[in-house]
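Chain nomenclature is as follows: A, B and C, assigned in order of appearance, with residue numbering initiated at 1 for each chain independently.
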Amino acid sequence: MSAAPLPIPAVHLDRVSRVYGNFAALRNLSFSIPTGSSVVVLGENGAGKSTLLRILAGLVSATCGKVSIFGSAPREQPRRLAYMSHETMLYDELTALENLHYFAALQPSLLTPEQALREVGLDPALPRRLGEYSQGMRQRASLARVLLTQPDLLLLDEPFSNVDVASAQHIVHLLQRYVQTAPRTLILTTHQADLARPLAHTVITLKAGQLAP
Amino acid sequence: MKTFSKARIFGLIWFGATALVLTIGFYKAMTAPTEATMGNLYRVFFYHLPHTILSFVFPYLNCGASLLYLFWRNRNPTRALAADAFALASAELTVLYASIGLATGMLWGRAAWGIWWTWDARLTTYLLLWLLYVSYLLLRRFAAPGQTAVLAAVLAIFAAIDIPICFMSIRWWRTQHPAPVFGGGADSGIDPGMVSAVLWNMLAWAMWGALILGLRYAVERHRQTSEAAVGLDFVRDQAFSPALEAR
Amino acid sequence: MNYARHVLIHLRKDLRLEWRTKDSINGMLFFTLLVVVVFSLAFDPTAYPTIARQISGGLLWVALLFAAMTALNQSWAREVRNNVLDAQRLVSAPASALFVGKALSNLLFVSGVEVVLAPLFTIFYNLHPLGQTWLLLLILPLGTWALVVNGTFFAALSLRTRSRELMLPLVLFPISMPALLAMINATTNVLTGEFEPGLWIKLLLAYDIAFSTVCVLLFDTILHAD
């Protein structure tokens, strides 16, 4: 007689808006993303894609409305969530391995820094500083940081923006493998729809802070 | 809408009362016995004293409002915004009253001591108070939109802690060195004929301060709501109704 | 214990970054050297040893204050480059550990400058302190911490403003006034030997404790201001 409890969605937005001064980046946005699905968010520059991901990550708060990640407020579950922007979010003056050791020490990590680097196809023993890497390698190192905690929810903001096509395809391949090994949720923004197509279960298009039909 | 007009009526009554008390204060100040050494010039003292004393009251209103802002920020955004508006209003009044206090103080100094400024303990502390709250207003102007309130609230707490430390340290500074040239203001005791003038002016400028504070608060609240309404015209009622769900 | 470990991790990272780039230290060292020379234009230190003793304390701290300003801005510029700050905001380690680590590393950098600057002052200004010189070993770290703890905090606060490098001194100087007063007077008292600097050292200590506490408590609010 007891119905199976409804699975908690990975992401749930209820009438979320975000205003900067008198500019609304997001307007009254409501949707749910079930656990285990991969969503690609498309939209032009200024459509609110980045704001959306930053709100989900808890880096920006919503002006009004309710955001829940696995049923609780965004910043309450830092271990289950990881965010990556088109910048590397790593120090240029350190090597990839030093960067990862630093971040691994600041949070409970399931992978060792060496494992994470191998996972993205970088050599942990490489003595070069991150600033001397090529764009594609930098982006992979950035992805390695995200993989350290093996998060259930991956938020990627324009992961292919500075990267050549071969590296982008490499990253897509890595992500595909990552989400397939466990019920993991992926939300990715991009304006290169064709690259991300193989990843997407669902495609959302944002226009002026609202869902485009 | 009804509450607004009530507030307006109350404001008008308050304005009338303030104007009346200000007039009495002015009359008392001008008819108080002339001071022996300074003549009529000393009358600026009746304006200097209330402004200086009150400009040490507003910073603590500012600090209280800032603490409330930080407390309500994630619990009740509507109230938090109101607290922020109050903090801004009280900081602006601090600067206004401190500026008038400084200006009248310099007039007094010129008349009594023959110099516009001296680095004595009171003057220095007072100047620092003025500087602190000018920097607070500058921060508000420069802060990124959406973060102004938080940053300002934090700075207000620092400033409020800084004032007593400033006050003590400058007293030590000047008492350790040879005594300052001038004892300063009201310490030497005042003529009984002047007491009522001091008290009336005190009351008058306190009421005036409250009036300006209220007006400034109302203007800032209006700005907050209309700014949000421009951004979110279609969710206006939801955005700033008290029923807004706390995150 | 865990907190101390996190502070150490941040501190080690900041020291390593500084070691690789040497941005702050080089800038600060040259800057203070310039200040020493410029101030010597204003008066003749060798001809008036008494005046030199009376104003060197003030000059020293003013030079350090301006030099520290460059390091303080640098120390957060590192976190903003490549948007590392967002990664810092998402880790589960306490945010104030990041602050304490950075304040400590700034303390070390500015102290390093003092180690070079103090002998320079003595030589160039022909200083013969008349008080208890060993007290400077107490005054310098306490005073530096007073500058650096609020400086690191307000540099982080200024990150969220327009023209952040301009904003830092505008908010930091008024707040630091009592501390500056205390450290300048304590140093002058040691140099001239006319008064006991004890009261000023106590004031500095109280200032340090009060503001370190507030900074640690409020840093999380600043970091997640958005």
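Note that in this section a contact is a pair of C-beta atoms (placed from the backbone, for glycine too) under 8 Å apart; a residue touches a chain by one contact, two chains touch by 3 or more.
Worth saying up front: this structure is predicted, and the values here are computed from it rather than measured.
Asker: From chain C, which chain is the farthest off, judged by mean CA positions?
Answerer: A
Asker: Could you see whether B-C or A-B has the larger number of C-beta contact pairs?
Answerer: So, comparing the two chain pairs, more contacts are at B-C.
Asker: If you average all the Cα positions, which chain's own average lands nearest?
Answerer: Minimum centroid-to-centroid distance belongs to C.
Asker: Rounded to a whole Å, what is the gap between the Cα centroids of chain A and chain C?
Answerer: For chain A versus chain C, the centre distance works out to 38 Å.
Asker: Averaging only over C-alpha atoms, locate the centres of chain B and chain C and give their separation in whole Å.
Answerer: Each chain reduced to its C-alpha mean, chain B and chain C end up 32 Å apart.
Asker: Using mean CA coordinates as chain centres, what's the chain A-chain B distance in Å?
Answerer: That pair's centroid distance is 48 Å.
Asker: Could you list which residues of chain A touch at least two other chains?
Answerer: Residues 61 of chain A each touch two or more of the other chains.
Asker: What are the residues of chain B that contact at least two other chains?
Answerer: 146
Asker: Among all residues of chain C, which ones touch two or more of the remaining chains?
Answerer: Expected reply: 226.
Asker: Residues of chain C touching chain A in their complex?
Answerer: 5-6, 9, 13, 16-17, 20-21, 78, 81-84, 86-87, 89-93, 224, 226
Asker: Under the definition above, what is the set of chain C residues touching chain B in their complex?
Answerer: 150, 157, 160-163, 166-167, 170-171, 173-175, 177-178, 181-182, 185, 195, 199-200, 203, 206-207, 210-211, 214, 218, 221-222, 225-226
Asker: Given the complex with chain C, which residues does chain A contribute to the contact?
Answerer: 57-61, 75, 78-79, 81-83, 85, 87-94, 98, 102-103, 105-108, 129, 145
Asker: Could you pull out which chain B residues touch chain A in their complex?
Answerer: 77, 145-146, 227-228, 230-232, 234-235, 238-239, 244-245, 247
Asker: Tell me, which parts of chain B touch chain C in their complex?
Answerer: Touch list, chain B to chain C: 70, 128, 131-132, 134-135, 138-139, 142-144, 146-147, 150-151, 154-155, 157-159, 161-162, 165-166, 168-170, 172-173, 176.
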